[in-house]
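So that we are looking at the same thing, I have put the structure below in structure tokens.
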Amino acid sequence: MTQTVGFVGLGNMGLPMARNLLKAGFKVCVYNRTPDKAQVLAAEGATIVARLADAVTADGVVITMLANDAAVEEVVTGPGGIAGALGAGGIHVSMSTIAPATSRRLSAIHAPRGSLYIAAPVFGRPEAAAAKKLWICQSGATAAKERIRPLLAAMGQGTYDFGEDPSAASTVKLCGNFMILSVLETLGEALALAEKSGLDRKALASFFGETIFACPMYQIYGRSIASRAYEPAGFRVELGLKDANLIIDAANETKTPMPLAHLAQERMLAAVANGHKDLDWAAIELMIAGNAGLR
Amino acid sequence: MTQTVGFVGLGNMGLPMARNLLKAGFKVCVYNRTPDKAQVLAAEGATIVARLADAVTADGVVITMLANDAAVEEVVTGPGGIAGALGAGGIHVSMSTIAPATSRRLSAIHAPRGSLYIAAPVFGRPEAAAAKKLWICQSGATAAKERIRPLLAAMGQGTYDFGEDPSAASTVKLCGNFMILSVLETLGEALALAEKSGLDRKALASFFGETIFACPMYQIYGRSIASRAYEPAGFRVELGLKDANLIIDAANETKTPMPLAHLAQERMLAAVANGHKDLDWAAIELMIAGNAGLR
Amino acid sequence: MTQTVGFVGLGNMGLPMARNLLKAGFKVCVYNRTPDKAQVLAAEGATIVARLADAVTADGVVITMLANDAAVEEVVTGPGGIAGALGAGGIHVSMSTIAPATSRRLSAIHAPRGSLYIAAPVFGRPEAAAAKKLWICQSGATAAKERIRPLLAAMGQGTYDFGEDPSAASTVKLCGNFMILSVLETLGEALALAEKSGLDRKALASFFGETIFACPMYQIYGRSIASRAYEPAGFRVELGLKDANLIIDAANETKTPMPLAHLAQERMLAAVANGHKDLDWAAIELMIAGNAGLR
Amino acid sequence: MTQTVGFVGLGNMGLPMARNLLKAGFKVCVYNRTPDKAQVLAAEGATIVARLADAVTADGVVITMLANDAAVEEVVTGPGGIAGALGAGGIHVSMSTIAPATSRRLSAIHAPRGSLYIAAPVFGRPEAAAAKKLWICQSGATAAKERIRPLLAAMGQGTYDFGEDPSAASTVKLCGNFMILSVLETLGEALALAEKSGLDRKALASFFGETIFACPMYQIYGRSIASRAYEPAGFRVELGLKDANLIIDAANETKTPMPLAHLAQERMLAAVANGHKDLDWAAIELMIAGNAGLR
């Protein structure tokens, strides 16, 4: 018998992820705060529910893909929330980028009710989600992992396990976003030096993307930063700031000095302070350029 | 008729590069300050000369692959140096990592004598040099480029041209080394956060090297930094500091604020100050770990 | 008739401050979570109360001098707290270092009940508090300021007013602590450079304290940092980290990039991570020294 | 018999310093590259010479107050320079801000000729020089110090000795300029946070200048930074960058990581890159404000 899975959160990422579950043959029961967004999936076979609790089957699996920590906490512990509806043997798969501390807290909320928590954040932009090319890292209750394996396989190109600690995968996700932020700063500074030295920004970015940094992260951001193309945004500065703050919070909590993470956070603050919150987060380059007297 | 090429500097990089010229069928005339090092190439067909000037054919091509700016300036302008021996139509291909300002100066020294200067620094470690896997970026006199094309092709897997400005390729090389330094700092901070959060350093490095950062730079340094394996050194901290200083000098000259480059330079200083000058430059991670109270 | 004033929080700062109120002839009614600490003041004329609410006179003035934001919020909004007891016309003078956002929130809690909130944080160590040498900055409800003037005058050598915004004085206090943190970093780096150049640390610190930086901040910290005397702590690293975090939070809230504040925060984190949380906060110098290979 | 002293360099600082020597009754023989500038002192009793060597008495004392290291080295070792004219027993008092390494080199140049070198850089702006309010730090040959004591006393309000190492006083001067740069950055960031929090910049600067930072450095720069008054320049950004570079060079030479010094240098670079090289160096605040979206 086909498993039914609840899906909460149909943003830029959630929508294509839920669609891939449908395509893979799962019964998907979706809930979104703004119901209109869910309608498009009805035509593709999803069941649309008006109340959050109806997306949760006792003993079932529910996936959340929401904007931030507060939103996830709200759907878990708020009135009619997942915590009350899921019950013993149920599994909550939290796929958003949230603080490791939040994952620990959510896991502890589920535990006394016999529900299991898995942190399973993803790497990839909406196009990657649509193409089933997400990379997924997971951690949490071992008992749940076998059961959710086919679900994750339907949404990504590979899942990496980081053990039982429910916060581990959240930390991995923050490390990854920190590493991407670092690429943005690096490309911004390198291209500023190049431009001020009289070189062609695009030639430089191409060179590195084809040779010693031949991976999509450098190729994609190399192109956009070289040509200062920050619209439409793949991931907005404002969200980048949110993630930078999560990284700094994790660094504080673990007493880890991370000067490069602080630098990235300051760039995001500066970009917001200068009116760029809706540009792609690679637009922190505009701050680097401004300090260098470019533009 | 086979072209003869002079080769000056048989260090870790120069030796395999000269060997690849021999393998490709060029007549190679080598000079090294320490003659012993050159002997190994004699058996492979090279002509070993005792005086620098003898490695230079008037009207010929001479390649320099030396430790630093001062060494290159010395072999060009010192007694019996390249500048005097090369003459009209001769080509000096400078493949070391040197300051853009030095490339400009060398080009200006050659110009009145009718000699042509090409900056052609390379990316790759000694193993890559041996395997003919270097990436080469070149800039300088157009007239010279056609003639040296087969030589560069014999040493690398690809050559990228950055125009007529003799300093351009030197700037590209500095940008690249800055980008590598940034990877070291990034991995160091990310793995410190991971370790202090209870994660396995190697698992994290593997994950990123196999997914969103699937390129050798992250794979190789991810492995060494995850396991803190800094010996034997592929590129020593001391040389890393030299390169960091060249980057900062170029940033100063062009009035480009580069906080991440400064951070990298401070790490190199700290590593030297703590007795690590002969470790691989990835050992700046030890400074990050120390500040985080690890080890 | 003499005014009665409630005083909550008898730590290193609160005790001498309450004592100065007694000396000035005020009737002081003190509450401390740990009652033993309050007994010493009984002999000096204070009334010791066992319940927080008993320290608050409806329509009276109550001063809080507590460890952190959470403690102040607890005594205001917790069971039997100030908010319920103070009533219309009562005044809450909050003298701790807390977030501007917390001052705004506390003011908003008091407002509907007709109580007035004044933020009045102080600059000075316990010795300064004992000597009535504190500098006080205040902001908040104008109507309250005339009434509390003699109280503040009894505790400090001068009060500066920053207007009606209840958060303003809290911001001033954070700016000041940031400026002190910056002095610590500055002295630490300057003395590291001096020591590594072969100079005498103490001679250098004395010179600057007697000439271009002839103010107590440079004299006191110059002496302790020059001789690495970090015990007993005047203000512990752990509290310094708390304040650095408040500064960074305020910078985030207002979108103000403050790289020097971030640097100070990283030093505090590093000091805690290296086991120095109970040393004086000037001990961040040990991190500077460690990176320079000193000691 | 009155001592004759040579004085080389009549810039903003040198002119009032030479004038104070005249006022104190010394015979002063002045040389300036631009002779016009020297004429004003002729009326006050100075002897103006057209050739550098004529300002130097064999066995006498010559003071240099020049723009940078290169200028000092030129007047010492250039044709007709001090090194050749001073001879055994002569004393060169170098009062400019120069690299410690330059002081060492100059001392070594004088030594074989029997001439003595004293580094005696000063703290104070032109107004302080005019008012005989300079602070002087000296180091170098003990034998020379007694003889130059009355000269230094005629130019400053106090002289501090840092021993025999000729580079020591140069290092002290760099440490001091670093500390001033740090005050500029500190005030810039603190006032940015204050302004973005809705506070009055001038009120904040006044408060700190009257209370916990009651020393001229904070009062003077507090006023100019609060009101963004950067013209006329007391000390230009361009010269500030030169000094920041000397500090960084000294940090590199001694392997001392100084992140705050790097930050200051980047601010100077940014200010120059944005067209502010002729403003007062406190104008680095404009870069802080720009990143915060102010102005």
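Order as written gives the chain letters A, B, C and D; numbering starts at 1 within each chain.
By our rule, a residue touches a chain if its C-beta (ideal position, glycine included) is under 8 Å from a C-beta of that chain, and two chains touch if they have at least 3 such contacts.
Every value quoted in this text rests on a predicted model; they were computed, and no experiment measured them.
S.K.: Go through the assembly and pull out the chains touching subunit A as well as subunit D.
M.R.: A chain counts here if it touches both subunit A and subunit D, which gives B, C.
S.K.: Tell me which has more C-beta contacts between its two chains, B-D or B-C.
M.R.: B-D
S.K.: Using C-alpha centroids, which chain lies at the maximum separation from subunit A?
M.R.: Most remote chain from subunit A, centroid-wise, comes out as D.
S.K.: Once you find the CA centre of subunit B and the CA centre of subunit D, what distance in Å lies between them?
M.R.: Between these chains, centre-to-centre, one finds 40 Å.
S.K.: Round to the nearest whole Å and give the separation of the Cα centres of subunit A and subunit B.
M.R.: Each chain reduced to its C-alpha mean, subunit A and subunit B end up 38 Å apart.
S.K.: Where the centres are mean C-alpha positions, what is the separation of subunit B from subunit C, in Å?
M.R.: A distance of 54 Å separates the two centres.
S.K.: Which subunit C residues reach two or more other chains?
M.R.: Those would be 251, 255-259, 263, 266, 270, 273, 291-293.
S.K.: Write out the stretch or stretches of subunit A touching subunit B in their complex.
M.R.: 100, 123, 135, 137, 158, 160, 162, 165, 167-168, 171-172, 174-176, 178-180, 182-183, 185-187, 189-190, 192-194, 196-200, 203-204, 207-208, 210-218, 247, 250-251, 254-261, 263, 288, 291-293
S.K.: Can you name the residues of subunit D that touch subunit B in the complex?
M.R.: Touching subunit B from subunit D are residues 245, 248, 251-252, 255-259, 262-263, 265-267, 269-270, 272-273.
S.K.: Okay, in this complex, where on subunit A does subunit D touch?
M.R.: Answer in residue numbers: 196, 259, 266, 270, 273-275, 287, 290-293.
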